[in-house]
Amino acid sequence: MKFTIQVNTGPFTHQASDSAYRFTLAALESGHEIHRIFFYHDGVNNATMMCAPPQDDRNLQVLWTELAAQYELDMVVCVAAAQRRGIMDKKESERNGKEFANIAPGFQISGLGQLVEAAVASDRLMVFGD
Amino acid sequence: MAEIKSFVYINRKAPHGTIYALESLEVVLIGAAFDQQVKLIFMDDGVYQLTKNQDPEGIGMKNFSKTYAALGDYDITEIYIDQESLEQRGLSIDDLQELVYEDEDDDWKEKSSMRLVSREQLASVIDSADVLLNF
Amino acid sequence: MATLHTVNKSPFERNSLDTCLSLCNNSGSILLIEDAVVGALRNTSVSERLVKAIESGVKIFALGEDLKARGLPEDRVIEKITLVDYTGFVKLATENDRVQSWL
Amino acid sequence: MATLHTVNKSPFERNSLDTCLSLCNNSGSILLIEDAVVGALRNTSVSERLVKAIESGVKIFALGEDLKARGLPEDRVIEKITLVDYTGFVKLATENDRVQSWL
Amino acid sequence: MAEIKSFVYINRKAPHGTIYALESLEVVLIGAAFDQQVKLIFMDDGVYQLTKNQDPEGIGMKNFSKTYAALGDYDITEIYIDQESLEQRGLSIDDLQELVYEDEDDDWKEKSSMRLVSREQLASVIDSADVLLNF
Amino acid sequence: MKFTIQVNTGPFTHQASDSAYRFTLAALESGHEIHRIFFYHDGVNNATMMCAPPQDDRNLQVLWTELAAQYELDMVVCVAAAQRRGIMDKKESERNGKEFANIAPGFQISGLGQLVEAAVASDRLMVFGD
């Protein structure tokens, strides 16, 4: 079965991003397909490469990046939500006059249409949020 | 993407206190371009999203409530309002802005998009959706 | 020794106003801000609780800017709830001995 | 056409479980995850509502990992609430026709 | 900073679902170095912070609940638990880990830091604080 | 009177950071002193210089930075909360092996002790959060 996962919360503050990660992992290990993971609202904060949590704690950005590499996942960060919250790739960063990009590997910035398209193309949309 | 799916957006949060109402509206408007069947539900604190005369200037935010009036132009004509949520909150349908559309099958007459419904009716809207988006 | 309690969440969605009411004695004041101002209207499922608190001596305020933002008319606000602006909020914080934010 | 409802907030703090119960018909399933698992225990102020839903035909599940995280013993969970793990969560999502997350 | 103030920390959120419980504990432990009078209240869903046998390994988080046992070593000896919150949640004080301290004025005897209280008692703890921190 | 302001939420997602800003402004205009503004939990996200909200919307980071410059405010971002969420000054960035710093002007990173010290030194602590 084909899933799309929507993640609405940043890492650490709410468990929802952990739940989304664990659900995604379990779906993949059960043999299902993840059509797309879409990061919206504060969920865009999962994509910052700047996190440095304590050594004994999980680093969700790294977990997402590794999972995406292992399973060739399409991880999309909503451009409008990302601009509000300060997550930029190189192109957006230049366009907005910022000095650098802070998006982590494996994530790409795109529009909300990618969420709707994914919901149309998938069998199930799973929303994790606050 | 030839398949037509039924999208149901469930709006349960008050506007301004959190950004969910605004960012939900952004999804609805983008989603309208995809030629899917779209229904909107306003229930619980979501009914406050449609109150008349919102003026968030004093809290430094923009008044996006005017955008709801454009839903008809986006062919979004089925808007469900939970009666019970209004009653709990001391509101009636007259406290909400009226959302309308022009019916192309009826000589472009202006008609109301709003349907005041019971929980039972909402349950069947939810149980008939292909995709549920919750804000 | 009076306490100012602030509540910022809708009483229809969260338990924070109820908890606040259970812990606010009659020398205390409650200020409704942000989404909590929806609780200030008459004839809601929580209005009776607020009226009872007012009758027991608790002073209740609501932030006018937040009411206006949400399109809630002043003339529908429970009688004896006083509207304040941000300057009034600051004044309430100084007039009480401490501030408790029910987040 | 069955719907899986997920609830992730404590029913003692938020109204989302109540709303979910009011909209879940007897072909539906409810899965409690994250902080919502606290609602799965017996003898709480919400347990009667869950038992009533179960009796009316609603199937109720709770995520075992979340219960364990919070130190809530399995043997205190309401009879007929079924514990699942993340793989079971995925299975529930596939077995129902749609998933509604009450955030 | 010679003045001694009474700090009251009010913990109302369940652990793990949000980070507030963990980050609140970080403030309490840092705050203990400031030689102020400190009281902790656990009420509403905050009572779940003290349940025995927490094991968040399955959700990928660390088990910070063991840290509460150190509160006594930080001279935090007044911990108020709201009886009503426990009852609503089908819990009793026996479901919580026991927090103790060694009383230096009584031959370092180990004593319980926990006080099961009513809402009325909590109201007076709150109304006697100089600083209230709410998590 | 001397106030300390604690901000627990990021900008945009919750109104609490707007409320904190407006309260602070009103307190200053009423002649009170702001001893410190302490950003904790997701509040650290007020300090990212990467935000680029729509032109017609407020930019809270800029508002804070300008207010701090005008009134010489002490704006402290909790180091532990900031590391989890990826807000770094130059020193923290180097220490954590990141390529750049993303903290906006007017904010400085320090420890939780700054919150407790401020609460001791102030007449009122005002907490704004979710």
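Think of it as A, B, C, D, E and F in the order they're written, each chain with its own count starting at 1.
One rule holds for everything that comes next: a contact is a pair of C-beta atoms (placed from the backbone, for glycine too) under 8 Å apart; a residue touches a chain by one contact, two chains touch by 3 or more.
A quick note: this is a predicted structure, and the numbers were derived from the prediction, not measured.
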| item | value |
| --- | --- |
| Chains contacting each of chain C and chain E, listed by label | D, F |
| Required minimum of steps from chain D to chain F, each step between chains that touch | 2 |
| Farthest-lying chain, centroid of Cα atoms versus that of chain E | B |
| Far-end chain from chain F, centres as C-alpha averages | D |
| Top chain pair, ranked by number of contacting C-beta pairs | A-F |
| Separation of chain A from chain B, taking each centre as the mean of its C-alpha atoms, in whole Å | 27 |
| Euclidean distance of C-alpha centroids - chain C vs chain D, Å | 33 |
| Distance between chain centroids, defined by C-alpha means - chain B, chain E (Å) | 43 |
| Contacts with two or more other chains, residues of chain B listed in rising order | 16-19, 44, 59, 61, 131-132, 134 |
| Numbers and ranges of chain A residues touching at least 2 other chains | 12-13, 15, 19, 22, 41, 57, 80, 84, 125, 127, 129 |
| Set of chain C residues in contact with two or more other chains | 8, 12-13, 15, 34-35, 65, 85, 98-99, 101, 103 |
| Pairwise chain contacts, counting only pairs that touch as defined | A-B, A-D, A-E, A-F, B-C, B-D, B-F, C-D, C-E, C-F, D-E, E-F |
| Chain F partner contacts - residues on chain B that touch it in the complex | 16-19, 59-62 |
| Of chain B, residues touching chain A in the complex | 1, 3, 5, 7, 19-20, 23, 26-27, 30-31, 33-34, 36, 131-134 |
| Complex interface listing, chain F residues touching chain A | 10-13, 41-42, 45, 48-54, 57, 61, 80, 83-88, 92-93, 96, 98-100, 102 |
| In the complex with chain B, residue positions of chain A that touch it | 40-41, 80-81, 84, 111-113, 115-117, 119-121, 125, 127, 129 |
| Residues of chain A touching chain D in the complex | 1, 3, 8, 15-16, 19, 22-23, 25-27, 29-30, 32, 123-130 |
